[in-house]
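The following blocks contain the structures, represented as structure tokens.
Next come two complexes built around chain A: one with chain B, the other with chain C.
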Partner chain A sequence: MSEATLALPAPRLSAGEALAGWMLTAPAALAFLLMLLAPTLATIALAFTDYELGAPALNWIGLENFAELLQDRGFAIALRNTILYVAIVAPTSVLGGLALAMLIEAGTRGRALFRAIFFLPVVSLPVAMAAAWQYLLHPTIGPLNAALRAVGVAGPNWLSSSDTVLISLAAIGVWENIGFNLVLFLAGLTAIPRELYAAAEVDGAARAWDRFRLVTWPLLGPTTLFVVTITMTRAVRVFDSVAVLTQGGPNKASEVLLYAMYEEGFTYFRLGYSAAITLVFLAIVLALVWLQTRVMERRIHYA
Partner chain B sequence: MTITTRRAALATPAAMLFMPRVLRAQAQTEITVHYAQPFIYKEAYDAILAAFAKREPGIKVNYVTTPNYEEGAQLILRQAATNQLPDLSYQGFNRLRVFAERGIAQDLMPLVKAEAADPATIGYTSNLLALGHFGGFQSGLAFAASNPVTYYNADLVRRAGGDPDNFPTNWGDVLQLAGKIDRLGDGTEGMWFTWNGDDWMFSALLFGHGGRMLTEDERDVGFAGPDGLASLRLIDRMVKEGGMPNLSATAARQAFTAGKLGMIFQTTALVRGMKEGAGNNFALRTTGMPVIDLAKGRLPTGGAAGMLTAKDPARRDAAWKFLRFSTGPEGQALMVRNTGYLPCNQIAIDDPQYLGQFYRENPLFLAAVKQIPISIPWYAFPGTNSVRVTQTMVDNIARIVEGRATPEEVQRDMAAEVRRLLPRRS
Partner chain C sequence: MDGISIAGLGKGFGGAQVLRGVSLGVAAGEFVALLGPSGCGKSTLLRCIAGIERPDSGSIRIGGREVTGLRPSQRDVAMVFQSYALYPHLTVEENVAVPLAMRRLNAAQRLPLIGALLPGTRAARDSITRDVRGAAEALGLGPMLSRRPGQLSGGQRQRVALARAIVRRPAAFLMDEPLSNLDASLRVQTRREIVAIHKAAGVATVYVTHDQSEALTMADRVAVMQAGEILQIAPPAEIYADPQDLRVATFIGSPRINTLDAEADVDGVLRVAGQAVGMRVSGTGPMTLALRPEDLQLAGAGLPAMLEGVEFLGESLLVHLRHAALGTPLVLRLAPEDRETLPPEGEITLRFPFGRALVFNGLGRRVPVHALSPEATTLV
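This part shows the complex of A and B:
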């Protein structure tokens, strides 16, 4: 909706109506102000101070926190690990979700069952599930390594070796995200008109791959874009599994952005520095959202 | 986090349902007491409160708990900023220094001295007082103490050709035995030493050599010399000779209670949990830590101390009475029986009427009691980077465990990194 259409009827509103409007939006506006805007602004302000939890005073230190971020080995590792994690989790769970959705859509029986099974990880409690993963991936008594031993392979120490810890966490991340993506893709698939497939077949697209390439993929465009951005933001937010399973270890091999933020703020009590990390995180998320809206405006259309 | 301050209880009708007594108009003092780790301590604090209420009916105590020490420290630091401190808080030994240096903890010595000119006569010997002495004054009174001990699987020791009744007492023999257990096959691991989490167990090796974390004047690191190197080399040998796998603490405990790990070196505070976990899987035994230096060797003490934060005189007086009771012989006996920690009052330790029977019936707890004479305070680093230093050390030790660096390289890097984190002094 453009601004012009909104502005047009405004002069005709009576003062009473305007007041009623304000009153009606007040609860939502107030909640937004108090719960979202104010804390965000406070965090932005904190990022420019040296505030420590329990310290009697705080000083305005300008960009010093950000200068420190640039030299902080821990932060650099956290940023690199987060990017790696997103680079594994996002494509795998998006393509995996799409593949599963097409399989379920093509099947004739047990659709609801499969949908429920794959959606379960999304509704389960991440912390409780992390404990289950800890057992599954346990190097000596875990079923996975027991199975590997049975076929004569010595399984790695999934979560405690710095070689495999990030991949193990990413696998858990894929497991958490794939069901969510599956449901979104299923919704997108059902919205595609059946007759388009019939028309494509008439026009000579006989093979399944051609139908996918010419009909399904283009029509799923908006859904795919949405799924990609939401998966990326969810992956950037990784925290629970790290906090429960590895605490960023060994030797920072699984340190990620949000865990570094938590550690700085609540273990080392450096709230100012922690707020600076939060701002970096916020910038990444905003950039992803901005990218989505830009691409959405430009080119994803039912051409 | 469960927060049940007096104010919150009065303000929220829901809370009133659970605390109807708050409303009873009585001339009584009400205090708020904070403690961490209710999953370990709840029974102990409840038992102490029940006994305390009989003795001091005019004092009403409300508990506030946090799931762990870390969140407990956050809570107090946050509340100090907003002037909503509880009256008494039980904090981990290694966090006490932060509160002492930030002026939140109060000096308890005048109160102790007011009761007895010589604190030792009421059970506060100088060793026990030292556990809560941080920032240059008596910032806390030790409430629960622990030291590191050896847990071993007697069945695996026997299968590897060892004698469970004569467990080796030096690291050389211990590592040899662990290596034999490791070679039993079938996924069995030799040993595990709690090197991650924090620096506590590393300090057990360092103190065992007679070493120090920082020099006497706290201006430089104390582990850059031969003691520190020997401690790091020992960790290297655990991996190479003892077959120590690269596990997280939780995973190692699970492997041990499942009967797949020969021995595990960790705090005595976990005796209860290990005993329940092991069940009838295998014969669990405990013994003291392998001795490194018989004359100079010491061990760190973990646990919690109560620190006084009340400002109002009446509440301060009531909070002190509670702290005094909880750290007195009666309170300590209740604490030990309900947790498995070590008592922090000499009378409770010496007088058999308090704990004699308990230790006869629970021999697994005895290993730690025998180490009390060589236990010294848990070292807390000075300055605002106190906790970060700990993590820096753990990160560096991880490199040895993963076989990515030699003890010499790790000692050099660890010393350099910790030096940068120490407070700069003019």
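This part shows the complex of A and C:
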């Protein structure tokens, strides 16, 4: 497609036009510089120092922060927990979102209603919702354990037991993400031409699974890729529910990357070390984005 | 009967009745065109035959088998869609292979990687490849087997859709305006190719179109549809020359057939604006006299008409006239060399061969015509 675009000679701008152009882009460029580029560069620089909040001076210590990270048991736990959290939340909320989207798409009534219900968590305030979850999962007065008691099961202490805390947080994460994915998948499903399903039926795709494999899944490819990346990025970023509900506890069983960063930086004021954790986080997110663009170019290319 | 036979098919969407008791028979190896304006129900009828739509009433048999309640995949039909409906993520070869893969491989054998290890997959895949190559070759798709639909022109996509239809030997071909997205010259060329494919396959074919030149040139029989009904089904020449319904007469033919309001008196003598036109019809009351533009002739006496203009079409002339008393527009087709016989302007008179006059009663049904005098061959 790109070969077909004509190579136009670059238009020569007069000085006045160039000035106007710079002035028009200035607000956006300034915002980008001040809000994104400068803090990122500052974080990268800080990661190689021993700066602590309020300290009169800082020293350039090279890779020492990263060497310490490798030895830090707390960081290892945070990384492991984050990976586990993403490994639960991403597939569940992606496949769940797809399943719900297909159910809503197949139904004849209440599409807007169901869409709104499932999308509600996305637009609600995470901190307030966390408080609601605290009540729902409360070991003695919470409705979940009350329901379990009714069928004769003693429910665990969901948020205070190191066996269940990560699962509980992941469940909340799924609840937060599934509506967002659902809406994206619904948009993707609507874009699939109805004729393709008719053609698939005539071609002999008798079962729903055959039509899903032949039409729905491949044509949703670009949507799915986008949903997977955005869900993983959102899951890696988990912070609110941990900060409100568990503070990383009990015994670091729910310690995650961003909460570790927050603790190092704003509880212990070790901003240099905290910046190093942030860089690791940034690397993970960039890797995800890079993977997305690579896959996008390679595989899902059929306009 | 092999082929397709449809009896009393009815279908409504919401409150609108789209098909009103349609019955149609297509013999094995026959090519039937469903012709009608948009919204007449022709596509719905085709989709009912394919099984994509479920009719409210009536029955459908394909290849001697009752299929009314069956799913499309069980009906043994192949369909070409107006939008082609190719799978955009599959190559040309894979697209054409889909109908075969769905039938010759089971669900496990179709799985990627694992499927290849199962017994029988290899042999089935080989037979599929052989048949796909054959169909692609027949449509000149050989050089583009590994391309995706997005990399093909409209005409090439259309061929892929055709190849996907013919790769299997179905009991019926169903085509839904397959040429409407092609440009004019490609359309004329592909028209002949589809006829050739049909001849070679010898499969009952239903071809939906709103283009009368497609229907008349391609089909063994044309079914003219309007408002959810088949008005007439007959070979193209008969549809043109011997329409049984005024709506068929006016829908077929370009320019449109000339229609004049007429009146049959108690004896059945037909008059146009009071002027007897030399024939008697069965019935009385208001009638419509319909005459093809090429059946009108310039004459010394006859129907009076005012000359309004002449169009030169190359192989013929279209003379635009208006009936002097009724004010009804008339079109007369002449050979170009007859131009000299036309006066530059003013009133002329027209006559027509008796055998070509089509008369319809007040309900639009054709009524038989008798000449007033036995020896008359041309009328006023």
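Everything below uses one rule, namely that the second predicted complex is superposed on the first by the 291 of 303 C-alpha atoms of A that agree within 3 Å, B and C clash if a C-alpha of one lies under 4 Å from a C-alpha of the other, contacts with A are read in each partner's own complex, and residues count from 1 in each chain.
Methods note: a residue touches a chain if its C-beta (ideal position, glycine included) is under 8 Å from a C-beta of that chain, and two chains touch if they have at least 3 such contacts.
Remember, predicted model here, so these are calculated numbers, not experimental data.
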Return fit or clash for chain B versus chain C, each positioned on chain A through the superposition.
-> fit
Touching A:Leu53, do we find chain B (first), chain C (second), both, or neither?
-> first
So, does A:Ile141 touch the first partner chain B, the second partner chain C, both, or neither?
-> first
Once the shared chain is lined up, is A:Thr246 touching chain B (first), chain C (second), both, or neither of them?
-> first
Once the structures are superposed on A, label A:Ala199 by its partner contacts, choosing first (chain B), second (chain C), both or neither.
-> second
In the overlay of the two complexes, what angle sits at the CA centre of chain A between those of chain B and chain C, given in steps of 10 degrees?
-> 150
Given the touch rule stated above, what does A:Leu159 touch, chain B (first), chain C (second), both, or neither?
-> first
Give me, in Å and rounded to a whole number, the least C-alpha distance separating chain B from chain C in the superposition.
-> 46
Contact residues on chain A for chain C in the complex?
-> 193, 195-196, 198-207, 209-210, 213-215, 218-219, 221, 302-303
Note: in the complex, chain C contacts chain A through residues 47, 50-52, 71-75, 77-79, 81, 83, 85-90, 98-99, 102-103, 107, 110, 148-150, 164
Chain A residues touching chain B - in the complex, by the definition given at the top | 52-56, 134-135, 138-141, 146, 149, 157, 159-162, 245-246, 249-252, 263, 266-270
Interface residues, chain B side, partner chain A - complex | 70-71, 74, 76-78, 80-81, 98, 102-104, 187, 189, 196, 245-248, 250-251, 254-255, 258, 260-261, 384-385, 387-388, 391, 394-396, 398-399, 401-402
